[in-house]
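Down below are the structures I want you to see.
One chain, chain A, appears in both complexes that follow, with chain B as partner in the first and chain C in the second.
And then the complex of A and B:
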């Protein structure tokens, strides 16, 4: 692979071959893909990208796969929505939403990372894929593994939303519901991964998998007319997504695809699981793990592996990390739906509520170009809003009943 | 009886490829010292230069993260299970 030199430890810079490895065997730092940017620079251009497929594979030159994309061929390239109504409601003139609620095939940004992970897993020759998940990742792995004819095991906390459990089972993987929270699932899977020769997308395939998130940044810049936003608001679970969005923008800058990146990166967490937001608030450079208790289950990672890097990225870019209560999350979901017609899952509610808070505090400027990342669809977490929406007006199938129950007579003919 | 310690893949070169070993000690710090005697080199892999447990290592006693207990001084007793696990990505 001319575009990849191998893997490199993010901490001690020790180099490794491009194999299914994820941890530096000396310092335990996370391994990252070590690109040959000089080589990439020779062939990449705006024109070449523009002519590519309408999926994340248009950025294949910056993705860690050897051949063509072979799984998740329709993932990514989701709409960039100019949110005039939401912007007006919260006082922002130029607000955009990167709408990954309509990602293919499972309606969350995880379709991106899994497309890259499973393509790479097939290149490595694995016949079984697996993941530890708060829900969305498991959905994406289950669906894409079915299409790719790979054996599949997904591990989830047993208290997940019913739609996210069903959203695995329908594709017929082996679903293992673990009595514990995501951090318990993660710990267990790490041990299982040591014993079984499976492609665990977020464990031994992690260096490749995580790179898929960069495509959100590439699309952001391309869809805005090859420029980077002034502000982004990104939900934080493990911290990987936020870190990779920043990395993606910086790569485009380095490769001359966009001008100087001055983007301020902001993070969003639910109050019931806010280890990164707390570290930011208390000006710490280390993360204290927490026991999550929040309706935003997709963000309920109490021991975030990339929390340290997310914190660092936010500080470097001059951004902030805010947290919001369960009530504010529900309000955020409703506000987004009522203003823009987009139904987001709880993580989206967190993002919108934090966006509103940052705008109110003046940390996101009224005139600035802001992008918020809406990462998953609301039909997956219906429980969260079921009690806070109106009920239908129930009527008999006749005009009298309609007019009586909706007090329509005064509106007749208008 | 002793304490069972599960060793992650990156450290197995030091334990003769064994994924599980037994060790003794009153707390995590003692336990690592004990392992170091039989598998030299393991200590510097777990602790950084300042003597802190490395940022990307998680240690669990009976499935509980020691940062929720007493950190490096977390007490252990015979029959306990200790896991050493690298931090992993989100999902």
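And then the complex of A and C:
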């Protein structure tokens, strides 16, 4: 692969071949893809990208796959919505929403990372893919593995709500419900990944998988007319998404696809699981693990793999990390739905609530171009808002009842 | 012989305890610190444990019993 030199340790910079590896054998640091940017620069251009497919595969020159995209062919290239109503409500003149609630096939940004991970897994010759997930990742892996005809194992804690399991079972993966708490399941998956010759998407395939998130940055710049925003607000779970959005923008700048990137990267976490936000607030440079207790389950990662790097990115770009309560998350979901007609899952509520907070604090300027990342569909977490929406107006099947109950009066004959 | 890579986080009240030394004495495992950042208040250590798989299992439980947080080297995998 001319565009990839191999893998490189993010800490000690030791180089490795482009294989299914994820931890540096020397310093135990995480490995990431080491691109040959000089080679990429020779062929990449705005024109070439513009002529590509209407999916994340239009950026294939900057993705860690050897051949063509073979999985998730419709993932990515989601709408960039100019949010005039939401902007007016929170005091921002030029607000955009990157709407991954309509990502294909499973309505979350995870469809991006999984498309890249499974394409790469097939190139490596794996016939089995796996993940440990309680939500969006499992959906994306199960659906895309079904389409790619790969065997699929999904590991979950056995006490997970049945509705969440159903969303995976429909694609017919092998769902393994592990008795034990979160930590037990977590450790078992790490052990299985080292014992079995499977493509565990967020373990041994993680360096490739994580690169899929960069496509959110590429699309942001392209859809804004080849420029980078002044501010972005990104939800933080593992922290990978935030770091990759920054990496994506910097790559585009380096390759001459966009001009000077002065984007301020801001992070959003729920108060009930805010290890990175707390480190930012307490001016620490390391992450203290927490036990999550929040309605934003898709952000409930108490010891995030890339938390340190997310914190570093935010500081480097001059941004901030804020956290919001469960009540503010629900308000955020409702505000987004009522102003822009977008129903987001709880992570979207976190992002909108933090966006509002940062705007109020003046950390996002009224005149600046801001982009908020809405990463998953609200149908996935309906229970979070079930008790806080209005009930229907109940009437009898006649006009009198209708007018009486809705304080209406018919124009006819009046 | 098997080996396991773990990420250990020390809460403030455990920062002075020599838990890695103790684990090496109490269980038949080789402890090998590969990276660490420890301050007077808190800290973390990336550690490799080598030995019989069952003994590693016991050593991990022993670490937890001593009040430190033990995660796989990948931290939280469940997304």
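As a working rule, the second predicted complex is superposed on the first by the 391 of 414 C-alpha atoms of A that agree within 3 Å, B and C clash if a C-alpha of one lies under 4 Å from a C-alpha of the other, contacts with A are read in each partner's own complex, and residues count from 1 in each chain.
Assume a residue touches a chain if its C-beta (ideal position, glycine included) is under 8 Å from a C-beta of that chain, and two chains touch if they have at least 3 such contacts.
The structure displayed is predicted, hence computed values, not measured ones.
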Clash-or-fit label for the pair chain B, chain C on chain A: clash
Based on the superposed arrangement, let me know which partner A:28 touches: chain B (first), chain C (second), both, or neither? both
Scan A:387 for contacts with chain B and chain C and give back first, second, both or neither. neither
Using the touch definition from the top, say if A:184 reaches chain B (first), chain C (second), both or neither. first
Which partner does A:289 contact after superposing on A: first (chain B), second (chain C), both, neither? both
Does chain B (first) or chain C (second) touch A:209, or do both, or does neither? first
Same chain A residues contacting chain B and chain C, which ones? 11, 22-23, 26-29, 110, 131-134, 136-137, 182-183, 186-187, 189-191, 202-203, 206, 237-238, 286, 288-289, 301, 303-305
So, in the complex, the side of chain A touching chain B is made of residues 11, 22-30, 110, 131-134, 136-138, 180, 182-184, 186-187, 189-191, 194-195, 202-203, 206, 209-210, 237-241, 286, 288-289, 291, 301, 303-306, 308
Given the complex, residues on chain C that touch chain A span 4-5, 7, 9, 34-35, 37, 42-44, 46, 48, 60, 69, 71-79
Across the complex, what residues on chain B touch chain A? 6, 8-11, 13, 19, 45, 54-58, 60, 63, 65, 67-68, 83, 85-91
What residues on chain A touch chain C, complex-wise? 11, 22-23, 26-29, 110, 131-137, 155, 157, 182-183, 185-187, 189-191, 202-203, 206, 237-238, 286, 288-289, 298, 301-305, 307
